[in-house]
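Chain lettering (A, B, C, D and E) follows the sequence in which the chains are written, and residue indices restart at 1 in each chain.
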Amino acid sequence: MDLFIQLTVSGLTNGAVYALAALGFVLIYKSSDVINFAQGELLLVGAYVTFFFVAQAGLAWPVGVLLALAVAVVLGVAVERTVLRPLIGEPIISVIMVTIGLASVLRALVTAIWGPVPRSFPAFIPRDEVLILGAVVSADRLWAIALSILMLALFSLFFRLSNEGIAMRAVADDQQAAMSMGISIRRIFALAWSIAAVTATIGGMLLANIIGVGGNIAGLGLRVFPAVILGGLDSIPGAVIGGVVIGLLEAWTGGYIGQGLNQIVPFIVLTLVLMVRPYGLFGQEIIERV
Amino acid sequence: MESGIFFESYRQDLTLRRTPAQKIRLALVLAFVLVFPFFADNYYLTLANQIGIAAIGAIGLNILTGFTGQISLGQGGFMAVGAYTAGLLATRWGLPILVTIPLACLTTAAVGAVFGIPSLRLKGLYLAIATLAAQEIILWVVTHWEAVTGGTDALVVPPATLFGLKLGGRGADFRWYWVILAFAIFTTLFAANLFRSRVGRALVAIRDHDIAAEVMGVNLFRYKLLAFATSSFFVGLAGALTAHYRTIVTWERFTIETSISYLAMIIIGGLGSVSGSIYGAAFITLLPAVLNNLGRAFRDVIPGIAGLIPQIQLGVFGGVIILFLIKEPEGIAKLWKDVKDYFRLWPFSY
Amino acid sequence: MLVLNNIEVIYNDVILVLKGMSLQVPEGQIVALLGANGAGKSTTLKAISGLLGPEDGEVTDGTIEFQGERIHGLDPAEIVRRGVFQVMEGRRVFEHLTVEENLRAGAYTRRDRGNVPEDIRGVYRLFPRLEERRGQTAGYLSGGEQQMLAIGRALMARPRLMLLDEPSLGLAPLLVQEIFRTIRQINREQGTAILLVEQNARAALRIADYAYVMENGRIVLEGTPQELQENADVREFYLGLTQVGQRKSYREVKHYRRRKRWLS
Amino acid sequence: MAIQALSLRFGGVAALTRVSLEIRRGEILAVIGPNGAGKTSLLNSISGLYRPQEGSIRFFPAPDDEEGVELTRRRPDEIARLGIARTFQNIELFRHMTVLDNLLLGRHIHMRANVLTGGIWWGLAQREEIEHRAVVEEIIDFLEIEPIRRQPVGTLSYGLQKRVELGRALALEPQILLLDEPMAGMNVEEKEDMARFILDINEERGVTVVLIEHDMGVVMDISDRVAVLDFGSKIADGSPQEIRSHPDVIRAYLGQEHA
Amino acid sequence: PAPQPASPDQGAQAPAQEAMAGEPIKIGAIFDLTGPTSDVGTPYAEGIQGYVQWLNEKGGVSGRPIELLFQDYGYKVDVAEQLYSQFVNEGIVAFQGWGTGDTEALRGRIAADEIPFMSASYSAVLGNPEEAPYNFLVGTTYSDQMLIALRWALEDWAAKGNAGAPKVAVLHHDSPFGRSPVPDGEAFAQANGMAFTAIAMPRGATDLTPELTQAREFGANYIVIQNVSSPAALLLKDRQRLGMDDVQVICLNWCADEILVNLAEGAAEGVVGTLPFAPPTEDVPGLQAPRDFLAAQGQDLNEIGLHYGQGWWTMAVMVEGGIQRTLEAGMELTGPNIKASLEGLQGFDTGGVTAPISYSEEDHRGNRSLRIFQVQDGQWKAITDYIDAE
């Protein structure tokens, strides 16, 4: 029973980390239909930029974090300007491919600036252990839970209620028609990428706090793919719940079965779930009316 | 200038190469391909062989992703199935490659079809996850099923012989060149033919509009599975060739990175284009080679940045992909077509 | 208000679709643009609203002026902000948005946010059917309902010039009358100028102040509705009237027909 | 074909409620009704895209076939094989394929090349392509779309696309042709062309045609019978003349102008 | 083929040697500077390059400079193949690989091309000339490291006054690299009455609690980690959090480095490691040359870390143990000759960086012993003398 509680708690909290990483994915998909293969690299950049401001430049952490978020916004805008703008109206798959190129560029930049050796992250996010139902968790995971719930609420409201949110969904539906509404695709893309970079920076910070700042942060980009799909590609609550479910599945299989099966059990469960719910738990159906 | 092409019969109209220009081009390419190995050293032969295998794999992937519209992230896994099947058949039972390769292709086709079953319900990126699942599951099996894969770190495949001729050893690259070339030509022709006949057309129709295809009498499920199987068949071929050519099979060759780089090949080459797959395979294989050579050259010229060269190469690799897609989002095949169109009408554009 | 001067449009760098197209829409008027399929009507509208980009089309010659200023080459969003709004052909509603969200998307460029709810109610008054479906995902609306939504969405932008691409497409007769009445009403009450591309020539000519007929990328005929209605070709090919002014029966269409005079 | 008490719901929306309708061999039947009345849903149910909750659709492939085939539980491709083809309201062509390929796809059920013979090409596949190409060329001639044979349909104008779509359905050599607003977006001249095609298909090829159309001129002129739907129910059914003066139809659909 | 050292007609080759004097000797190398293992690949690569430069400044080998043909391959197997064949073309006589992926992939090819090959992949199979005739190991194999670790655990267990044999859990990278020492370890444990279990660490994990709790359920007294530093550091932190401080952790070489200490912060204290190459904090004579060489360039060996010495000495064994001895024996510089020279190498002294290196025709494992180190005050300190795996 102890084991079960420990595994469950650690799965839940680790799932929250996945959720944070998954959110950026969903945001970009929701506003442009693009699967961002550079999501992991956005996490990486976010982590390193925070590292730079807080550890290397020695700023107080609230200032450093704010600056890092500002850099994320700039990065989002820069990506839009240089990469996405020329591709407006082009096949989505080309844009997806471009994110693969972007991933290389970002990774190159990071290693060129910070070198390849991973380092420990300044401990401004508390890492003390906390007891929950007799299970030990690290406080930074609780932060992950809090932050993912906060962003879930924030973004859900944003997409439902704000004009920009509606415009983003409109762009994802039909770019040309959205243009005819006077919606500036450029602006929307810049906004989407900035928001995604901001969430990635937050996710990257937490991740760096857990595993240190280093290249393998980027690996999480693809690892959260099952979480994203399980929740439904375009659903913000889906990203969070998908992350948590995958976290739990991994923890349980890791703890009870092992054999590295936790790499694939999520995929198997996921495929089975999709056979029943083809658009994930919360994803919106692709509308096919003829 | 060609002022239009006229055909006496539908048969003529249906040939793959129609105009004299096309025939001349084809002849030139063939001549080059036949003469090339006699002048190339092992390095260029290695590159050529890598391109050949990649082209086969890319055509396979393009059948599924480009023509049928099912994004696949499982390429690496399917290649692994082909490679391990061929490798195991050769090591365990000492079968010759003319047996191992077809069996490997068929096995991969079967595995591909199994992983295609979710396509009954899933679409688009949701289906992509099923292929990602294939990737992960296959790789897991390959690295954990030691009873079969041997328990050693890699599967060592005995050097192959073909019609009594040893393919391995020194000069292997030269001899393999011909084997790979033959398979590549077979794959190219098969795919090109497939897409000018009934089944291929149905697959393209599914990509363009599955409901309409269904209403026109195409059994979606059967054809999607067929796409998975046919595609995997060739992907398996690429895997099997890798196994025999490199005489060793290691899982690290078949990771998700591989899947992504094959996707890169077909997108950059041109989705839904057989020749595009070949261009893309060449592009993605040669780009790092070119960058490496540039890197080596620049390292000596500008020693100051020597330490950053690898990062620059990595960045440039990404940058070239981005730039290329910005310039020509529909790939090299389209670029090439535009060039041809331009010269066909030249100097009277419009 | 809107002046197109000799514009040329090329798709994919090779296909020349508009070949010296000129037309004018005066302030506050309804101008109809008629023409066969593939004549380039939609292309003309997209050229005005700057929407050719995603289709690889390009205005290569000529000028487009709106209220004395050149608008061609501007960002489509800017063109909308200046008051030109296109209702695209084929009801391009945002499928995953609800009816109401679609309407709000239409008001995206509006600065007077406060009036938006009132305008939404206005659209519902015009199309009660939409109000019934306000929370429904637009992708599941029937064709006609989507068409209403597309027009309603345009109204939300309160444009000065509305470009309507075949608004009656797929609408039931009752609704066609309704739509044309609404168009005239919008024009009269809000002073919105309208460039109307329409295949239902009879209805279009009834509400238009001026009309053009285009064929093959250029204007072949223009005039007031009365003038056009007297043109024999227009009568036959666009209004479907026989020489004596009777409506022809579709059953009696001859297999070989008279060629149009303007196609020399 | 006999449709009996067909009901179809989407969540709360009742698209069809107990619709019964008979489609007689060789006729042109027009289905009219206000927007959202359920006309397209009816066609979708026939071609197997929608699964009605209740009711039956029986199709009688041969004149002497009493039994008939039940369509409501069949897959769309099976229904196509039975000889029922259709066009769509919003044009659902294969946009990236050429006109020729679109039409050839219409021949799909009549061809038999498989992956192997197709990939090998020489032999069965080539022979078959040539054979069916001839059939398709005939349709191309008939619809007068020779010049655009090799164009990807995505770049064609709306009217031409409609024609290609009709051609694709014809290529299937159907017994019943379901047309969803084939003349929307056309001017009178083009509608005349289309009307002539439909009449020819019906008269010369003996194909039964079901036609949804909002242009009352067309409906009155070319259809043998008209059925009217409103809010998912059939409110009238009869000859064009009867329908024209039917009070419910005037109220719900036509308005005074057409009366 | 049997090696033919000091062939009788040496004199006949002498003129050829003269002609070659001053001619550079080409050695190929691929490095991971941008890929997933670039964190350790970079200092390793610098070590190799540093050694070559240092040697050339000293006048090279028998008067001939070494020309290193190298490139980053980003841990991509097919790029490794490209570079390998390119370098072979350009006339290399030996090759320095890097990871498991490329070492495995090139294994067949180097045997066919007769190119002696060393890398930082220490799978036991590579030390078996029947399987891999041209591969040579400088580092102690993972299997031997495992045996040494278990040997030490037995002693440590007894030294702490415990009765019986301890329970051991191996937490390993989920790949053949990770599992390669498991079977030998298991056999040893069985023979010595130790309870043994192997638990895979999933790739890219951000939480290793499940694996640790498994080890805890098993009742492990010792945890042996066969993985790289980052996940190992995460494991150490999670272990500390779960209060499993009484479990002694032993790192095999790829996680026993400075990166681990840095990333795990306090949690690495007391961890022991099997280090085939001495860390810079260890004052061994063999690290003096690299230390001075770096100092001359304004760099500090202690900052760069132990992988520098690892690269340096791997290259040194290849050059001094293989190439130099071939030249000194007056033989032509060919792959088979270098191989033969290496196979004649006995007790090659690396100045205390590793145990002395010896190869034979039957065995390409350079050594089978190493010292156990422990993290004390954030530094790796040797706590034993050389322990032999046999």
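Keep in mind that, in the parts below, a contact is a pair of C-beta atoms (placed from the backbone, for glycine too) under 8 Å apart; a residue touches a chain by one contact, two chains touch by 3 or more.
The structure displayed is predicted, hence computed values, not measured ones.
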item: Labels of chains that are neighbours to chain A and to chain E; value: B
item: Chain whose mean Cα position lies farthest from chain D; value: E
item: Centroid spacing, where centroids are CA-atom means, of chain A and chain C in whole angstrom; value: 43
item: Chain D and chain E, separation of their C-alpha mean positions in angstrom; value: 73
item: Centroid distance [mean C-alpha coordinates] between chain B and chain A, Å; value: 31
item: CA centroid of chain C to CA centroid of chain D, Å; value: 28
item: Residue numbers of chain B (touch at least two other chains); value: 211-212, 215, 311, 313-314
item: Numbers and ranges of chain A residues touching at least 2 other chains; value: 107-108, 111, 259-260, 263, 290
item: Multi-partner residues of chain E (each touching 2 or more other chains); value: 33-34, 174
item: Contact footprint of chain D on chain B as seen in their complex; value: 9-11, 13-14, 189-191, 193-194, 196-202, 204-205, 207-209, 211-220, 226, 230, 272
item: Complex contacts: residues of chain A adjacent to chain E; value: 3, 6-7, 10-11, 13-14, 17-18, 107-108, 111, 115-120, 127, 129, 136-138, 141, 207, 210-212, 214-216, 219-220, 223, 247, 250-255, 258-260, 262-263
item: Touch list for chain A against partner chain B, complex; value: 35, 37, 83, 86-87, 90-91, 93-94, 96-98, 100-109, 111-112, 222, 225-226, 229, 233, 259-261, 263-264, 267-268, 270-271, 274-275, 278-280, 283, 286, 288, 290
item: In the complex with chain E, residue positions of chain B that touch it; value: 41-43, 45-47, 50, 143, 151-154, 156-157, 159, 168-170, 172-173, 246-248, 250-253, 257, 285, 288-289, 292, 295-296, 309-311, 313-314
item: For the chain E and chain B complex, residues of the former touching the latter; value: 31, 33-34, 69, 71-72, 74, 76-79, 81-83, 85-86, 88-89, 99-101, 104-105, 107-109, 112-113, 123, 125, 131, 174-177, 180, 183
